[in-house]
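Should a chain be cited, it is by its letter among A, B, C and D, assigned in written order, with residues numbered from 1 in that chain.
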Amino acid sequence: MKSSRNTKPEPTEVSIGDIVVGGVQTVVIAGPCAVESHDSLMRIARSVKVSGAHLLRGGAFKPRTSPYSFQGHGDDALKWLGEARAVTGLKVVSEVMDVRRVEAMARVVDCLQVGTRNMQNFDLLRELGRVPNAILLKRGMSATIEEWLLAAEYILAEGNPNVILCERGIRTFESATRNTLDLSAIPVVRALSHLPIAIDPSHGTGRRDGVAPMTKAAIAAGADAVMIEVHDDPERALSDGAQSLSLFAFDGLMRDAARIADVCGRPFQDQRVVAFSSRTIGGAI
Amino acid sequence: MKSSRNTKPEPTEVSIGDIVVGGVQTVVIAGPCAVESHDSLMRIARSVKVSGAHLLRGGAFKPRTSPYSFQGHGDDALKWLGEARAVTGLKVVSEVMDVRRVEAMARVVDCLQVGTRNMQNFDLLRELGRVPNAILLKRGMSATIEEWLLAAEYILAEGNPNVILCERGIRTFESATRNTLDLSAIPVVRALSHLPIAIDPSHGTGRRDGVAPMTKAAIAAGADAVMIEVHDDPERALSDGAQSLSLFAFDGLMRDAARIADVCGRPFQDQRVVAFSSRTIGGAI
Amino acid sequence: MKSSRNTKPEPTEVSIGDIVVGGVQTVVIAGPCAVESHDSLMRIARSVKVSGAHLLRGGAFKPRTSPYSFQGHGDDALKWLGEARAVTGLKVVSEVMDVRRVEAMARVVDCLQVGTRNMQNFDLLRELGRVPNAILLKRGMSATIEEWLLAAEYILAEGNPNVILCERGIRTFESATRNTLDLSAIPVVRALSHLPIAIDPSHGTGRRDGVAPMTKAAIAAGADAVMIEVHDDPERALSDGAQSLSLFAFDGLMRDAARIADVCGRPFQDQRVVAFSSRTIGGAI
Amino acid sequence: MKSSRNTKPEPTEVSIGDIVVGGVQTVVIAGPCAVESHDSLMRIARSVKVSGAHLLRGGAFKPRTSPYSFQGHGDDALKWLGEARAVTGLKVVSEVMDVRRVEAMARVVDCLQVGTRNMQNFDLLRELGRVPNAILLKRGMSATIEEWLLAAEYILAEGNPNVILCERGIRTFESATRNTLDLSAIPVVRALSHLPIAIDPSHGTGRRDGVAPMTKAAIAAGADAVMIEVHDDPERALSDGAQSLSLFAFDGLMRDAARIADVCGRPFQDQRVVAFSSRTIGGAI
């Protein structure tokens, strides 16, 4: 098994531009659930950059439970993501659903996300094994960790080693949260695999008041990255508003979470740029 | 919602050749998990036909948890299924995984199956809404019934009304069975939708000794169809051997299950052909 | 392990008066969730007797999720159950929760029920191992079958062999039903143990429209007994009204279910009394 | 509802001797799963005290899935716990299972624990509402948070306000961990209730390599207390050895976790005694 720590003991570092997931730094991915408009995306991208996020997320093609829900702005959204990247310098994470679009999306998106519903869409996984991009592979909402690693294996087996696992909550009987975020996946994955692991506390809890505690918990438990939904107007978000942080709340969380990342020896900032960055944050908000 | 009983109170009948799923008759679908060889498939097809099965199942493209497991014989298997259909007269059910193959498979397979892992592969569902074939939509292993009906809605919304729902077990903490077969989905689906519902006791239990009791239970609970894995040499099956019935065991089950179907007013046999069929069974085994 | 089929291959038959659970006959236990009043209980008891039930259930001490919900009529209810038994001849099943009450209840209740919340109340189980009564041991709502058999072992180990297992639904993510009734527990228990198994489709589904299909399914799957909540005025029941059958609906279900029990070779009626009983039913409702 | 934050907005502080659970301090409870011998307990108690634990846990009466497993040393264990308390000054937490023992145990144990299997043993809860001790109420392994708060309500309603909730993992389909530790219970409980919440990462993961990451995560997420199984010879523990930390590993965890508690503003040590305590730790191990 290529994903196994027995095969490759040293941790895999996945580079997305200058950002390394699985290295010393704790990486923060932030942005809207869905890209809703050019202006909203630019506002969010600029703000999360200033707050210290390292990568920008945003959905162009949305997997929606109902065919009658908003399905994403598609190619327009991809174009806006490219513009946000140009302006902020943040590399972009976005979900690919249709195997026929992999090649085109791989040219404009830095890190391709596989959603929870597609974790075992094996034809899609194989196709992603043939592009050079980083792949963020979300855990299926009822997948065991073993099955998740085997899904990663489909990508690795085709030749793409740049896989980041992402825990996003599993299905249980509890209804107070949208899913149950399984943070123990972090030590279990560490024991079994060399692949880096990210945590998505936004989908993992589905509650705004759960995002900050679970983000801090994820970092304390050793997550390589966290992925957080941020919106410039959460009350009016077209999807997942109930779990999105405001720009202001995200900025506060970054400060609190940074202290935990620091004492855990996995800081948010490459030490060479901390001084500059602190000044920027101080001045911009 | 097109799938809702409020929109269309009368039950939907899905025709596959002469066989009607959702009508008076209880329909039995039988065959191997994967089509393993020409000869094995022909043996199984002939035998289940004689035992009274109405449709032949067989996997050509197999969704396997590991990339290193047997992935199916692909186009060869499709050709053999066509031959088995020609010889036995049984229409064929087979799974499609790759959206790029829908059109080609729709020409040679009578009923296209969506597997549990693809229940929310929305691009695949949309494509299946554009072919005229019957679609057997398996419930996701952790999907709620509401999500399952919304997945069906993706197919219906594109114009294909021929959807058969298929319960195949859900994920729970119980480990004595591979999944927990949720037979209460039958009354719940009846209350919410006009679509017919099939039950797969083979995947639903993952145990050979669970297949007969759960098949009988499914029929007693009002299932429109049951789908049963049958193999001519279960101990050597390339996949799912532990849950496959032998040809002999399947024949015995058909006799027991037929009595339950009869007293429930949903017989296995169109009454016009019972006399002929009984003679055939008597002579052939 | 005393509960194991390896230790004792032949099935255990548990006698409650003249009724044998685990023998040829399929046994029907019916009655209200909670005993609500003398008159209501008498009406229900008489009616279910005429419809063909073999045992009367009724809660005197109710385990309620909230301390502010109706907790049962306690000793009054026990007295009324005794009266209903005297009038109808139906032996009585009722739940014991408090270990300090076991001795007293064992004198007036024929079959003591252990509720799902107490399946691993080990002191209670041990005490029930020291009385001669039949014990109906409900499966914990998140217990594996292995744990359930080990709970039975606590009773058997103390010397009481009269244990009936009762599946009543397990916890899953599905919310359309109160629990997910795990009928595959029937073949699994059969394979592992000699103890008889009952099914409770009322708690198992929590929906009135689920009770009849799941009762029939349970019998078809080989249940030794079914336990059904029946109320003379379900809309006004103090507990579990949404899942209780009316007297009339229960009578109809008994007729349908009897036909399935017959074809499965596990009839409701001891053949010696069928003629008499049919006449009674015909005349009384 | 007495447990509701609407009824009582300010957080409840539960005092156990000088230790306050629910105050500024993060409280650490440590000790063996079961008290196995006088000498082992004394060794563990002295060591965890030196490492900085605030309370000593140890099982005298053990709820075991099988009647044939070690059931605890009972009254002997209680005596040894009393001795360990006298020597170390650590107050003692121990589980009560049998309602008939509540009064006697309340005299010798500082904090009475209700195990996960007894969360809905309502007679036991009521009896615990009538003693003055602190009660550590573990969440049922398949209980919703709402049901857990209603179980607490049984204790509060009888007049005992000193309830500490304790999350210890819930049942899911994942098998790599014994349970799935639901840390999102922390923000959910905070939103609904004023009661303090503890986390048990030992039972919550069932893996030694999961205890440290989940302890740190729990503190980062805002837990009021953590409860950790520690053994002087984990490989030979009579119960739960696979999830117990060695004395040495626990000491290391305390140092790492203290840093997280500090940056979260919930330090392990009352600031008045930090200087003294640091010296003690430095000298003793």
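The criterion applied here is as follows: a residue touches a chain if its C-beta (ideal position, glycine included) is under 8 Å from a C-beta of that chain, and two chains touch if they have at least 3 such contacts.
Computed from a predicted model, the values in this text were never measured in an experiment.
Q: Using the touch definition from the top, how many steps at minimum link chain A to chain D?
A: The least step count works out to 1.
Q: How would the chain A/chain B interface be labelled, same or different, where same requires over half of its residue numbers to be shared?
A: same
Q: From chain B, which chain is the farthest off, judged by mean CA positions?
A: D
Q: Measuring from the mean C-alpha position of chain C to the mean C-alpha position of chain D, what distance in angstrom results?
A: Chain centres of chain C and chain D, defined by C-alpha means, are spaced 37 Å apart.
Q: Mind checking the centre-to-centre distance between chain A and chain C? Centres are C-alpha means, answer in whole Å.
A: 50
Q: Residue numbers in chain A touching 2 or more other chains?
A: 142, 171-173, 175
Q: Are the chains arranged, by touching, as a line, ring, star, complete graph, or other?
A: Basically all the chains touch each other, so complete.
Q: Spell out the residues on chain C that touch chain A in their complex, using ranges where they run on.
A: 142, 171-173, 175
Q: What residues on chain D touch chain C, complex-wise?
A: Interface residues on chain D, with respect to chain C: 63-68, 97-100, 117-118, 120-123, 126, 140-142, 147, 150, 153-154, 157, 171.
Q: Across the complex, what residues on chain D touch chain A?
A: 142, 144-146, 170-177, 180-184, 186-188, 190-191, 204-205, 207, 209-210, 213-214, 216-222, 259-260, 262-264
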